[in-house]
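Just so it is clear, A, B, C and D label the chains in written order, and each chain counts residues from 1 on its own.
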Amino acid sequence: MPIPAPNLYPAFNIVRLSHVELVVRDLEASRAFYVDTLGLQVTDQDADTLYLRALEERGHHCMVLKKGTEPQVNYLSYKVYAEEDLDRAHAWFTAKGLKAEWVERPYQGRTLRAHDLFDAPMEFYFQMDRLAPIHQQYKLYKGVKPLRIDHFNCFSPDVDASVAFYNEMGFRVTEYTEDNESGNLWAAWMHRKGGVHDIAFTNGRGPRLHHTAFWVPTPLNIIDLLDLMSTTGYLSNIERGPGRHGISNAFFLYILDPDGHRIEIYCSDYQTVDPDLEPIKWDLKDPQRQTLWGAPAPRSWFEHGSVFAEAAQRDSKMTAQPIIAP
Amino acid sequence: MPIPAPNLYPAFNIVRLSHVELVVRDLEASRAFYVDTLGLQVTDQDADTLYLRALEERGHHCMVLKKGTEPQVNYLSYKVYAEEDLDRAHAWFTAKGLKAEWVERPYQGRTLRAHDLFDAPMEFYFQMDRLAPIHQQYKLYKGVKPLRIDHFNCFSPDVDASVAFYNEMGFRVTEYTEDNESGNLWAAWMHRKGGVHDIAFTNGRGPRLHHTAFWVPTPLNIIDLLDLMSTTGYLSNIERGPGRHGISNAFFLYILDPDGHRIEIYCSDYQTVDPDLEPIKWDLKDPQRQTLWGAPAPRSWFEHGSVFAEAAQRDSKMTAQPIIAP
Amino acid sequence: MPIPAPNLYPAFNIVRLSHVELVVRDLEASRAFYVDTLGLQVTDQDADTLYLRALEERGHHCMVLKKGTEPQVNYLSYKVYAEEDLDRAHAWFTAKGLKAEWVERPYQGRTLRAHDLFDAPMEFYFQMDRLAPIHQQYKLYKGVKPLRIDHFNCFSPDVDASVAFYNEMGFRVTEYTEDNESGNLWAAWMHRKGGVHDIAFTNGRGPRLHHTAFWVPTPLNIIDLLDLMSTTGYLSNIERGPGRHGISNAFFLYILDPDGHRIEIYCSDYQTVDPDLEPIKWDLKDPQRQTLWGAPAPRSWFEHGSVFAEAAQRDSKMTAQPIIAP
Amino acid sequence: MPIPAPNLYPAFNIVRLSHVELVVRDLEASRAFYVDTLGLQVTDQDADTLYLRALEERGHHCMVLKKGTEPQVNYLSYKVYAEEDLDRAHAWFTAKGLKAEWVERPYQGRTLRAHDLFDAPMEFYFQMDRLAPIHQQYKLYKGVKPLRIDHFNCFSPDVDASVAFYNEMGFRVTEYTEDNESGNLWAAWMHRKGGVHDIAFTNGRGPRLHHTAFWVPTPLNIIDLLDLMSTTGYLSNIERGPGRHGISNAFFLYILDPDGHRIEIYCSDYQTVDPDLEPIKWDLKDPQRQTLWGAPAPRSWFEHGSVFAEAAQRDSKMTAQPIIAP
């Protein structure tokens, strides 16, 4: 199925991905990982919750960690352009027969909780508490010097269907992988905010969150993180990389947090604001689409993901296996 | 005068700055500078014109160099979202009593040539020939490895007036310098595409173009360019830097082309897509607003700029002088 | 066997490794690899020979490529401190019953060709034609920007014996891997010039040359090379890396030339000039000794090497296998 | 006066510069600067003394800070190859009629305190307490990530005389500036350890210490330090840079500690171990010798230095003034 034409005038205006809420089992272990090692900043913490922001962000949080018994993803959250976009979003989901309800979230204004085509929970807000800038408080820069949340990447049991759904919401495809035999999409990268993606979908049992990515200034920050993690007890948390993706052209590293939630450290993709940007097509059989150079991804990278709250898993419609490290 | 509230629903939708057309006296000298030294790519050349693009761009040109007798700026060009935005732009300028006419430009669809409040020529198009991506043809990366055009910076005789005008077109202020005594704006940075700016205005005799900026991957590329220029006969073309701006937080270098057109090499500013992004205010008396660290700017940097075709110069309404290198 | 005490007053004074002469089958293919891709500079070329230097070197060559039918290593060459050191070297080898003879080499003064304990050919000279510095001709910097030859790494059938032999010549051990069960050395790194090594030995069928290493300014140069090689037809020449070694602490990449000669790109080891520098001991079972972080080395990296002219291969005395990528 | 031929067989063998002892007025202010900002590691501290080492060093200290009332330099210290070199040094200084006496220094074996031709105090030792390596404890890397002490730079009232004196001790000239009119040396860079210099001399009232330099991995570490210092109250401690020297080809930054002792942060010079390395001559009138690119040095950089204990100042024999920032 070919990728759809972009919907340049969607029913409601999503500005960008905003944050993820993850369930973790040990907040102190998570804090050691995200704060002391990666360098995210704590904006609030109580016995059950840790709020984090990256160094150039002014919204209160890009990640919320909730203490719980089983790791999972409570929701992916997006910022909309204006309050009326919330109401339009509510109408849009409701018209599709998808669950959409108003919820309360600390530090945020009105917030809509909805579910996507495969029941993955999405939340939308237009107003979040704004904090004073810290991007020039250089004494705070540590770890990998994370500047901002960049994107989500999810397993989808039907990438064509996911792309059609998110495309209707105004996400625009920048790159994609097609299975030439079936003509199906294997994977797609879709953006709102002008980079390669706010969210990507890859074929696999799902919905599941494959990873959340943070943007860093240069590849040297990633090398610094590798040096640090490999000498502070986090060697086995390094899953894949460093390397360069063919798709997105980004320099990357994948690491696993103490609960197995996967984090990508990412830099140097490109600007995609043109509405007529032509999506780049990759062949599923081209190993450079994932890895322009670098070691092949390990099996865990293809198989492991974080489950979503309230969303049943389905097997994917395609079973072709991409190249996996032997 | 305080900065105006952003116009979140402007009359027409500008996507981003696109390109500049400069008049130069010696196309071969310009080619040696822009292509052989900076590393821009030639997309077309004839006896009178050189078309250039940066490495991640797919539009045909981000800079047009025209052979002529006196250096000047023929126009600054912007890409709009859709063809109807051109007609809306035409109506908007016309309603203001400003000149706006349709012109023919090679490699572009319908193009509108208008003039801003101080007669600086602006052009708008929605469609430009798209070229195959070259961002992964790494053998082409040379010089400073310019990835994309980033912004224009102009002298304005009345920054408050310029900001009001561009704000109405939907440009949003990200940072600004205020003269605390008069309450006037001294300078402002305004964006459409989600970075710190597509265009900035600084108080001074104008309208004149202060510089055109290109975005590069890391500060090390700027250091590479300094090494190259200082050993290939371009030492005196290095005007200011390297350093870090307080405003924008960018790492920068200013250089002069063979005709005195100023080019900034720029990296590491921040994302500004949030419609509720609070502009950062700087005091005119704070020297770190221009130079977080680095040598003070030389006098030429404050005084010299490129004139616009068809636009008469006016003295600026303010005469306070910012800090200048002794 | 413990590592020997350093010989601080050796019989003759070796300053540093100097160059390697490799037999290659196609000089133009080699030139495309070493010159156009890596960025080494040609100092002389005729139908059969290509002489290369790196960017901060003033000696005429750090690598000599000879056209031939079978890839091999003709010799490893070292610079001695003064002419009398050549005569002392001649006496030292002769006294040990090892072959040592005077040979003629273009661009060099008197040159001694000798053989080490396992018949690997070594050459010594004190004077080589000196060329004008080019390290500030930045327009010449391309590819990985190789600054200087850094070290050789060889398979030895008996590392304890190799270390004893080279130690007597004044090479000093900086780091080593011991097999705790047998007490034998598995590998050792030995220097003359004040870095981690001029030569290293690893247990294996030998003598064979495992690799020749070049020193580059920063890890980003290695990333640039990976981007270039992976998009210019050299993807399969990338064998291992990037990563950081535990031993030496260097950031590294291993690549194979068109004849299978292995080249390491290397940076950021440390200074070792202190005569009382304590060698760092690593356990053969510690995988971080080879790879502080990064993908495991592939099988080829453990097995493949270049043979030496005039030197018969012997199996190694140890058969324990270090950790190999599955 | 031409530079002298190198003394390849000096009377005693100096391995490298080792450390400097500085008098400071406020140890806590010094600790905030050297430890919290630059990132040097504390190896011992009591009420009067702070011992520091850099990250790849294994000797106990590269800098000793002594609390006192007036900033000064107590001595520059050098490591010799073996104990007998101490006795040979004692004889050499004594034979010249220069003061040389045995002193006690914590954490060091026998230590010789001597005075150079202009009474600047030099100390020599062969043994210092060795500490466990920390270069792979990446959690300790902060600030500018200083790896090792690199060199001293001194004002000399007669550079020709200083060069002759240090040359006899075996320091070898790598680069120098000559005043073409008088034929006198204006400045010279001299090494023992295989880099561009362990010590340099520049014409000026002296003897005084112009600066002590630390070696860092890459220019990006220097940019990190600039970002940090300019936002933590140390903006006015930044004196000159960043830039690249013509001489040495190093990327540099000069900063002043709380007592006005100047520190250079330095990287990317070149290897100089060849005994026949040709010194590079620069013309005093060539501004690129000091600054290949970058802002001109401020007046303070030419005039200010730290005085030595027990050494009277003399005016320099030359009065020509090099290029100073206007």
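Note that a residue touches a chain if its C-beta (ideal position, glycine included) is under 8 Å from a C-beta of that chain, and two chains touch if they have at least 3 such contacts.
Molecules present, by chain and UniProt name: A, B, C, D = 3,4-dihydroxyphenylacetate 2,3-dioxygenase.
This one's a predicted model, so the numbers in the text were calculated from it and none came from an experiment.
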item	value
Farthest chain relative to chain D (centres taken as mean CA coordinates)	A
Pair of chains joined by more contacts [C-beta pairs], C-D or B-C	C-D
Centre-to-centre distance between chain C and chain A (centres being mean Cα positions), rounded to whole Å	44
Separation of chain B from chain C, taking each centre as the mean of its C-alpha atoms, in whole Å	50
For chain C paired with chain D, centre-to-centre distance based on mean C-alpha positions, whole Å	32
Touching two or more other chains - residue numbers and ranges from chain A	136, 218, 220, 227, 230-231, 292
List of chain B residues in touch with chain D within their complex	218-220, 223, 226-227, 229-231, 235, 238, 242, 244, 251, 288, 292-295, 326
Residues of chain A that touch chain B when the two form their complex	8, 15-16, 56, 58-59, 79, 81-82, 127, 130, 133, 135-136, 147-148, 193-194, 217-218, 220, 246, 249, 268, 270-271, 273-278, 280, 292
For the chain A and chain D complex, residues of the former touching the latter	136-139, 141, 218, 220, 224, 227-228, 230-232
